[in-house]
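Shared between the two complexes below is subunit A, which has subunit B as its partner in the first and subunit C in the second.
Moving on to the complex of A and B:
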């Protein structure tokens, strides 16, 4: 019974205590942007960080709902592969969309609408409604400060540059008029969510895997290690796997399939595809293919649990005898995956096992594997701290949800540090692992004692954006 | 009002389920009946007091005392016009509260209309998923400050449906007026939600245009019908009625055909030898509109056939639909029509008996054309005849179904007008095909009459008559089911269920789909959605699946619960392989887990619990099913479970407000279900976050 997730009746409902101010927590990542109120257990809004751009009308659309095949439609991302904001204009828009439109942060009522300044209206009631609507539109457009009542806690990658940080507080203070601001590093918050002040945080995210040592709530700067070995990289490995398999497996994203008929395993698909009278852009197709790969990761890919590497003698043969899993593509073609499903993820642990990548960034070195990162992180910090860190290894990020991931990590760590007690902490609920940093932010933001830490608007006005570098260490 | 321990009687609870068009409300939840009251969700600005709202359109009318028109400031009457929509504010649009003041005024209006006791009425208010936290706080604040309500419970509409249908896990597809909500509920918790709709209308960047394009749900289909039938002069009301009529349906999903539905063809519809004649004649014909004024003197110009239709059709459409005899009725209808044609009247003269008879036997979905009976209320100002004038045909208004609308006082003028009206009708259809001829002659006669005597006490009276027209519609009644729109809903359902974080929750959400919301009443819509889902997304048991694919992987699963750590105690090989033959184990466990390979159907639903104890990695959906609807509530079965959320709100109200004798744990749970005045005093409006049923 110990292995089953908490039943929903026992799931914590509101353990973080009340908050006096409704602080907002914003956690931008490469794949998703999470936003919600501090004190809640889950982010209310999880938006893709990808957004649609309609080239013909030069318009941006946000949210999953807008991502359907249309003409002149490109998919872009406001973050770059380093999990750092790249396009600040788009970032501002997407954040405002998440916070103001989706989360429904009440705009402070403009004076003309609060009912105190109403003039008697002419008797022509029929036109009244429309006029009011128009006025409303103008007003909200002109009304630039949407969040004058909510402090904002934002997260950043541990390697964020000072310039980026200043830009963040600028937007928050100038564009949104937040009364208070705080910038926190994701690994600190993830450790916080796990209830640790000292921890070695392994964050296996979408575009990055990072290892960060946290000591007493502070990031040990020298320890920060990262590599591209994350979900996106794993997808590229799966693509290589598809390429290498015989016959080649083609990914047909769901949106292209009108309907399908069951076919025997390994047989070509018998599906009716949709036709579009416009060009589907490669970026949209890639975005949709990623959904299929995500499903493949969820239901097929597994981490070789160890002991020993997958390539160690005997293991591969053993894996071949393990029950395989069938994966059906959106177009109906299906196939059994046996030992390959272990191989796809093995590159995260063993650079020799990785599929050769066509692109330069797809290639990884030994230092970029998960064990390599951990080793490098620990090598760069004081010997005395290491046992404390290894006893508090926090695993977070959605790619760490691959079956067998924690087992393998445990094997690797005990093999690497045989004399030290290694203890992993990995949340059982998927959502807790996916939103680790956000949850940490939610806890932090709702703490009464945290209120003294915020950078207030006044401080910002006195010191300028540089204050963020001084205060948020 | 003692709050925390105060329990209420079931008759005391006020239940309100607001929708963007209609709000269902009822006092008491002791009977679990379909809603007793339906309020249109709209308010009108009060012309007298700025910032106040009234439930009906209200206008000033000069006071007339003894035939003298008053002129002073005070010489006005405020008149409420119950039918007018002028200046209406719809506070909820596509689920979002767009006009909070009006919405609160509306709540107040409903509250006042239904409650009699002074302060002992707890409120169960259903909330759309689109309501923001701030909305909920404003509402709770208003309720506690402006009314004497002892307790308020906000209930998520998806959960409400779940309470109504009592399955612990389900996917609720709520087809509303302008939006479709897809909510996944697992063990009483909302685990996934998405909506199809215009998004938040507060979005300033979104032009109105964009919003209109974004709408989904029932209104989308009405708009589509309107667009298709624009040339035949269909207005919104006509399209709406056509959508609701039995002739309008979404055809089943046909995977093979080009349009993905099997449209009836001319050849198929007219099987007789005259098939070609019909098909060549039909396109040129255009719509036939036969206007009939119910309640007019039947002898004047309306032949016998029409009269039969009148008597049967108008009065019984509702009961016909309910009793399921629509097909017979339509067949009869068609036959009468054909007979009429044969009799040499103008109309579709080309049709022969044989063709008509063959046609009459065909179900609606096989016919290219059919007749739709459109009914409308024509309201017009008619001068009241001088009291001295005799009332010639007082019997006329009495015999029709709308006699309550027509006052006896104006029968002097009204029947005269309508007689006139009716008299012209037989000629009208041939001449005009537009939609405006409903009040043909009366229109021209009445306005001058009304306008003419301004000085001499303009005693006009508003009367409503029910006018019925038969309109022939073609394939538009199938084509309105826009493929793109259905695909949008289907895709949203797919992404929502597949987007649930915990994979083991997905199968049971796929196996208990339920469609609610009155938009789902469109014939064939939910069947089509289900068929599309099955044709497109169902993972069929593969030939390779037989034993192995969905093996419950209880071999060294990663730690399931929060904070544990693998102990690192693995030594040597993994446990299963050496001792047990994996295939054998798969076969045995598969039987008890209900994985494909045999015993699927019966078991999965029953032991959803068992599945959760294992880590579940299989691909979903392997099974897409509609949830079984309860049959023990006869009234609801008759009403249809499209309004199941109201039933659920009643059940939840009982649980939250009326259950006594709970154990301490239950008591605690019950306390957090609703927000009592005591809690409000302690926590303020934001206490609603923890004391509600919103997630």
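Moving on to the complex of A and C:
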């Protein structure tokens, strides 16, 4: 502090609205679970919502480091494709892992007992880290109240059911003995992160893409629209693209490659694959393949920027002449991608351009495309607020990081509402887009005026878990 | 390397070419001992003007050491938030700078106290608790809530019954309004009322309601429905608590606004909004330009009207009561001129001939010395103004007042008057906004009303009516009186209060309009008759058969006797035509509806009341005239 501190009587606490009470913000999503302290600008912990389950010993392991090939190993997710918690036991464990073990919430137990001092952690060799994690996990169960000092702010999907919400407060209050709890919807928080109280939030996440109108900091329930057109769906489109290309592109995940030799573009891979003396479960392989696809998404796929759709006459020829991108698979085979990189993501905007999907859920309709969702959301709410919403369109979710996404969105919206002023708010920092909801929670949880909102322990004890429905509207 | 070398290299003229050495030595001797290596070289580059090297002093550190204040201490302090309304059950902790005496800020303590006492039902004395009680959050004061109307069971039954709304649903609506702080978008969004099955709740209070009502299905309420109901309840409860006449101004405004809420209009507005949203870009642009155009046109007509009104104002002169018939002949006019001239001369005024301005162009040309003719925009104004001044003369001449002009020269007073008029106008425009405009409510409250300008001395309200009469021709006066007597109204009002006269004026206007219309229709009728008669004549000329048919037709179309009369009087011209028209009409009246009556006759039929009222009298008057 270079400045002389003000006398405490004139400290502008009420001008700067922050008042940090070391609240914890937890934002579970289908792909990632994010956790950290309110008031910070990034979540300290981001771990996959997928976790490993060892069938032989019936143990669960969490975190990226624990996901390596081993016997009797399955990958599971505690969330379902609706971005709603499905397996509460696993959810509790994974959250505890994130909050207590990894976030390092100060514990009320003496240092001699918390195991931090006497157990030096070995370097990042997988097995050992996992051991440490598991050991920590055992210990946390011994603590009576791991988070007795920290209020917890959790996020939920806008379509979460009352039962799920009650379960969340139960875990917070019963298992962790938090002093206070709050449940907030992700689009609301994403709007807060963009500094808006009224906004139309487009969240293009992992398993879902949703459009939600936020009015004065609250969700307009009638406006909530969602479709599976998210990151996972995009991955399946890329698979279809690989299938359709000539020759077929095979996805070989990194863990299977022993070594590789460089090959010419378009040539078959020259690599030796690892052999395992145990069965690799399909779920693990799929998880690893998804990593490759994610890399492909991040480095190759691009959204056709418009104006007009990709399928409009002339556009494809133009795209063919644009510079392509080379992508090298883990096994060394590589290829130049030109117009296909636009085709992969075009299905999000134009159902006719989507690759035909083998599964039923992979097929999408016009209403499920991004423009369709926005139109439906706006149609279902009062006319008077529509212009205000269109002037505050907040774009969040990691899949929106695809290059060209916001350009295309802007074109689609201005074409749809030619006489209204459309303004997009898409954070420039990629981390702000990836953690939009968490950051909003961080802001909310550290606001001085928010402290009157918390559901306190006492209120929970008096009213039971039903209180969450009454309070968190 | 010395500065000389530098000068050589750069080809700079050396200003001390003669004896540079000693001076240089002098200068450099002082700093040299403590400079070494690169530093010295750098110093030398400056040559004869050595580079000033200011030692960098960091004052921050020094001052910090000098004050030697103890490190600010922060502590993890517990606090509560009284806005929660849970008596401080939730204690959170945040880092705060420790204050020396440890006493919490005063306002916080007071707030907390109030909260504690309000809620505290325990036996612990307040003084004992004060020490351990955590301080109140500084943010508690931002907690504000809207006030929604409350009503008791009785009040609801006596004031707020509504066929469309049960009490339960009204309660639910008000609850939501409170929860969502009257944000209607949210209220409508979350509105989800499911009426309870009547079997469960057999309350005595709403027993009558449930017994008659069928199980109501949950209604689909639009936002306008919700608003309408809420405003209805709010306005009524407001009136119950405080009758309208005692409300303060803002209260009354709110009350009126809520009372006048029109869901239908709101719905229409939203429809419009929807349409605007779905406009295409071209349409939007076109509309914008059209709007601009309209604005311009409106502004222009506004200005035009303004000017015209002004002109009329100036041309307006009070009507005389005296008989003007004597001036209708040229001889009479001559007479008038003579008298005027003589009075003028008596007052030692110049001859009116130039001022009167036999040609108006002359008139407008005279006063331009004062009024700036240079400004073309002002031109019209100046003309108008000079017209007024002209008017002045008329005044002066007509009422032979002893009005002495400022100067005997005529053009000067004219222009002066024009200037005065201009000034007056400007002053009026400036003064206008200063006077506060009363609203309708205030006018009611203070009993303020507006009058036309009154003359000096007492005036009677009915005189105004009389004046209206006097403007009409005798015949019309008669018709009007007839119409009024038909309506059982005395021609002179018995109790001419302001309201009554106003009302009477309205009625009077309607009657005169009727009479005028009647006259019009009569004339049209007459013309039709004449044309028909002409046609019949032509037909007759054509041949016997045609003649017969024509006669029949005429009989059908024009209405028996009237038609004949018309045929007879065909040559007589308009007056006669009018008369026959009347004849036809009276017939028509007698026979009510005849199938073959012509268009204008039907129109007359519509205006029957007028014709009935005056037909008889009309005839008699006509005859008298003849």
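Keep in mind that, in the parts below, the second predicted complex is superposed on the first by the 419 of 473 C-alpha atoms of A that agree within 3 Å, B and C clash if a C-alpha of one lies under 4 Å from a C-alpha of the other, contacts with A are read in each partner's own complex, and residues count from 1 in each chain.
The rule we apply is simple: a contact is a pair of C-beta atoms (placed from the backbone, for glycine too) under 8 Å apart; a residue touches a chain by one contact, two chains touch by 3 or more.
All values reported here derive from a predicted model rather than from experimental measurement.
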Given the touch rule stated above, what does A:299 touch, subunit B (first), subunit C (second), both, or neither? first
Examine A:323 and indicate which partner it touches, taking first as subunit B and second as subunit C; both and neither are also allowed. first
Per-residue contact with subunit A, leading partner among subunit C and subunit B: B
Go through the superposed model and pick first if A:419 touches only subunit B, second if only subunit C, both, or neither. second
Given the touch rule stated above, what does A:359 touch, subunit B (first), subunit C (second), both, or neither? neither
Taking the superposition as given, does A:56 touch the first partner, subunit B, the second, subunit C, both, or neither? neither
Partner chain(s) touched by A:258 [first = subunit B, second = subunit C, both, neither]: first
Contacts of subunit A common to subunit B and subunit C in the A-superposed view 2, 5, 8-9, 11, 13-14, 22
In the complex, subunit B touches subunit A at residues 44-45, 47, 50-51, 86-89, 101, 132-135, 186-189, 194-196, 199-200, 202-204, 208, 255, 260, 488, 491-492, 494-495, 498, 501-503, 532, 535-537, 539-545, 547-549, 551, 553-554, 556-566, 568, 570, 573-574, 577, 582-583, 586, 612-615, 617-619, 672, 683, 686, 689-690
Counting only contacts in the complex, subunit A reaches subunit C at residues 2, 5, 8-9, 11, 13-14, 17, 19-22, 149, 151, 179-180, 215-216, 218, 220-223, 381-387, 417-420, 447-449, 451-452, 454, 456-459, 473
The subunit A residues in contact with subunit B across the complex are 1-9, 11, 13-14, 18, 22, 37, 40, 44, 63-65, 68, 97, 100-106, 115, 118, 120-121, 123, 125-126, 128-129, 133, 137, 140-141, 194, 254-255, 257-260, 262, 264-266, 272, 295, 298-300, 305-307, 318, 321-328, 330, 332, 334-336, 403-407, 410-411, 414, 422-432, 434
Contact residues on subunit C for subunit A in the complex? 60, 72, 81, 83-84, 86, 89-97, 99, 105, 137-140, 142-143, 179-180, 183-186, 188-190, 223, 270, 273-274, 276-281, 283-284
